[in-house]
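Shared chain: chain A. Partners: chain B in the first complex, chain C in the second.
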Partner chain A sequence: MLPMALMNGLVMGVIYALAALGVSLVVGIMNVINFAHGEFYILAGYFSYLFADTLGLNPILSMSLAVGMVFLFGIVIEYTIIRPTYGNHMYSLILTFILSIVLQNAYLLIFGPYPKKPPGWVKGATNIFGDFCYGNQRLAALAAGTVLIVAVFLLIKKTWFGRMIRAASQDREMAELNGVNTALLNTFSFGLGCALAAAAGVVLAPVFPVTPTSGVPVALTAFVVVVLGGMGSMWGCVIGGLILGLVENLGAAFISTGYKHLFGFIILIVVLAVKPSGLFGSRET
Partner chain B sequence: MLNMAGINVFRGETQVLWDVSLVVGEREKVAILGGNGAGKSTLLQSIMGILRPASGTIAFKGDSLVGKKPYQIIQLGLALVPEGRHIYKDMSVWENLEMGAYPRRGRKWMRETMVEVTSLFPFLRDRRDQSAGTLSGGEQQMLAIGRALMSRPEMLFVDELSLGLAPIVIKEIFRVLEGLSRRTTIMLVEQNVEQALKHSERAYILKSGRIDRSGPSLELANDPDIKKAYLGL
Partner chain C sequence: MSYKRFYVILFLASGLFCLLPLVLDLYRLHVVIVSLFYVMMAASWNLIAGYTGQVSFAHAAFAGIGAYTSGILTVKAGMTSWLGVATGTLTAGVTGLGVGFLCLRMGGIYLSLTTLGFSEILRIIITNEYDITRGTMGLQIPPMIAPYSKAVHFFILLAGTLLTLIVVYKIIHSNMGLNFRAVQNDERAARSLGVNVIRVRVLAFAVSSALAGLAGAIYGHYLMLITPEIPSLDLQFFVLSMAVIGGLGSFAGPIIGSFALTILSEYIRAYGEYHVLVFGLVALAMARFAPQGIMGLARQFMPASGVRQ
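Entry: the complex of A and B
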């Protein structure tokens, strides 16, 4: 049971890390908490289901299209409802909260209450360490999630776009004085944040099918991961995501499945009691 | 090169600059002087597009700057070393310089400019991977100047260069600016009137948001009124 729980924990951990990176990016640069993060995650799951299952496109193509569409959708949302709230965080909180409810109801109306599952990319199972058989689709999800996380790190640490994001997160006015169009950067970053939620969604949807409200626990966990890892820290997102994924699955396996999400919050409270800025947080703000 | 005529600038409800006009010629070294709260930084922020004047005109080489955003104004060849340096503390020294090179021509000539800037301030090369927040105050000021130079500006604005720095560091920085002024137009904004008059050709004195006096720096430095008011003599 232990190796199985560990593997499940890693898969979920990678997904949480991806979703948390998206939250962290948007909070860092725009100071906006996107309450609809989980609904963007689900939207990508539905899109990839639509493209692959209904239209019969190849799964990888379907997933890329789904992430691309959510990215564009995020850009439209930023431009139309977030941008007018600059300077007032309360408005953006309320608006994204309303957006999350509107989207959940739209999904219910369009896709119905039953779980939708895009086709898997691979079949069968692999015997791990000669110990137990683990679904290939889950292994593939773990690998894809890891590759995506590495890609995000490279994007943020090595490219002009990443430098601009880090500069503007630290000192917006100075970044503007260095020639960065920060309003445009906001729009793009919000889109990218949504795309990261979407990436997590398409990777996990073939394992855990999507329903209109199944984004809620993932988004909540992503917020917990951001706080746990320390605001603004990318490593915090990764380590925090893995810790939460593992704790939830080990807790579910050895204590009780009923309290699965409670374990994460207990860890959060313990960490914040010891280190209020989170695992990797340096700044107090 | 820079022409400013009759600008009035507000911060919130209060008017901070009143009918300010000034002219800076190519490769001139001009100082803007004045005490706390005179409106010096406000003047620079109006030029750079951070604040928008309620009325008046600002033009750089014939292009109007009023209504343009800071990121657009940078592209025209102006650069600001802001009061308080505003270096990116969590980024490395090198990344700070790279950010300075973000405007179009900065990126085009980044390699060459990097060599020039690190020859002005050699410690920048030795500490390239160090987190910029761990530099000393004087080093941070040099980094801030280096970062501004990375965009290859035609005109450089330096706000409160000497604030909180040891005299020997100030001297060193002024020596570097002296060298730069052969090809870059420089506008120094200072409370440190003595230093600024020494290192400029012409100066304007701001008092409560209005131009109080202006003229050649040498003349102002020898003016009995100014000696009394600003130089403590």
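Entry: the complex of A and C
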């Protein structure tokens, strides 16, 4: 049971890390927590289902299309709803919370309450260490998630665009003085944050089918990961995501499945009581 | 508005409300009772969100704490409903104090995240501890006064609403209310003038949680069935949109919002289960284009009518 739980924890941990990177990116640059993060995650699952299952496109193509469309949707949302709330925490919290409920109910109306599942990429199972059989689809999700996380790190740490993002999240005004168009950067990074949620969504949807509200636990866990890792820290997201994934699945295996999502929140409360700036956080806001 | 004028208006309005059981049928009376519950919730949520600028997502959870504490005590320990409601209110207040201490030092985003987490924790516990709470099946509890009558419960909820409105009014018009607004406008300036920012926020949070507990407990006894629907994010969303549509940070806003949305949702119900979506879209449009809500629009278009903050 232990190796199985560890494996599940690893897969979920990578997905949580990916979702949390999106949240963290938006918090770092815009100081906005997007409460609708989980709904963007689900939207990508639905899109990839529509393209692959209903239109019969190739899974890779339909996943890229899904992520691209969620990216554009994120940009539209930033431009129409989030932009006027800059500098006002309260309204961005309220607006994104309302947005998440609106989207959930819109999905319910459009896609119905039943779980939708895009086709898997690979079939069968692999025997791991001669110990147990593990679904190939989950292994593929683990690999895809890892590749995506590495890609995000390269984008942020090595490219010109990443340098702008890091500059703006350290000191907005200084970045502006150096010629960074921060308004455009905001829009683009919000879209990117949504695209990261979408990437987590398309990777995980073939394993865990999507329903209108199944994004909520993932988004809540991503917020816990961001607080645990420290707001704005990328390594914090990866380490925190893995911790959360492992704790949840070990807890579910050995303590109680009903309380699976409770462990994450207990971590959140302990972190806030003991070290509110998180594992890798330097700033206190 | 002076104190005296406030009390005159409040008691005239509640006097008019007292006549309602005579003229309304049972269905319409039910709608008014539900509206009163939402007035209690939205007015107390407004105390923290509108006046101290802290967005808590655990208001429905505190109502749930009140309802379940009172319900479990009356069913399992044989307490009277009145004592149960008092204990429920107190429990919600004390829990609010704890949550407040935990996360208000950090402010803003952390409070919202923790309260969201707290409300999920509570929902998970209530759904899983089937032996005590009967999970999603709901727990059957006795009414406030034994031979069940809608009119009697209407008066009890009306009294609860009056109590809530008076407490909220007293607080925002006291020195503490001045502190609240100072903290909301400019935290650093308020701190430099000797306002104990954290104490102000924690106190506001505890009072508002206790009021939510009271609302939830009474409402639970009125429904005679408490389910995890009370401490759910959906209910939290209703309370939030009522306060936002009515006008955050204004006294009358949440009252208007609660009545308007409860009645609106009854009309939409005739066309199917769209009311959550419609609420959401209206709330989104209001929050985006008229962040001061209906009260803000009234101030803008009728400056002479004396509608004030």
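As a working rule, the second predicted complex is superposed on the first by the 281 of 285 C-alpha atoms of A that agree within 3 Å, B and C clash if a C-alpha of one lies under 4 Å from a C-alpha of the other, contacts with A are read in each partner's own complex, and residues count from 1 in each chain.
Note that in this section contacts are C-beta pairs under 8 Å (C-beta built on N, C-alpha and C of every residue); 3 or more make two chains touch, one makes a residue touch a chain.
Owing to the predicted nature of the structure, the values given are computational and were not obtained by experimental measurement.
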Overlaying on chain A: chain B and chain C, fit or clash? fit
Is A:182 touching the first partner chain B, the second partner chain C, both, or neither of them? first
Applying the touch criterion given at the start, work out whether A:16 contacts chain B, chain C, both or neither, answering first, second, both or neither. neither
Which of chain B and chain C A:190 touches, first, second, both or neither: neither
Nearest 10 degrees is fine: what angle do the Cα centroids of chain B and chain C make about that of chain A? 90
Of chain B and chain C, the chain that contacts the larger number of chain A residues: C
Would you check which partner chain A:40 touches, where first means chain B only, second means chain C only, and both and neither mean what they say? neither
Check whether A:134 is in contact with chain B, with chain C, with both or with neither, and answer first, second, both or neither. neither
Quick check for you: in the superposed arrangement, does A:167 touch first (chain B), second (chain C), both or neither? first
Once the two complexes are aligned on their shared chain, state how close chain B comes to chain C by Cα atoms, in whole Å. 15
Intersection of the chain A residues that touch chain B with those that touch chain C: none
Where on chain B is chain A touching in the complex? 48, 50, 69-71, 74-75, 79-80, 82, 86, 88-91, 95, 98-100, 102-104, 106, 147, 151
In the complex with chain B, residue positions of chain A that touch it: 160, 163-164, 166-167, 170-171, 173-182, 282
Chain C residues touching chain A - in the complex, by the definition given at the top: 49, 53, 55, 57, 102-103, 105-110, 112-114, 116-118, 120-121, 124-125, 127-128, 233-234, 237, 240-241, 244, 274, 276-277, 280-281, 283-284, 287-288, 291
Under the touch definition given earlier, write down the residues of chain A that touch chain C in their complex. 27, 31, 33, 35, 80-81, 84, 89-91, 93-95, 97-99, 101-102, 105-106, 109, 216, 220, 223-224, 227, 231, 256, 258-259, 261-262, 264-266, 268-269, 272-273, 276, 284-285
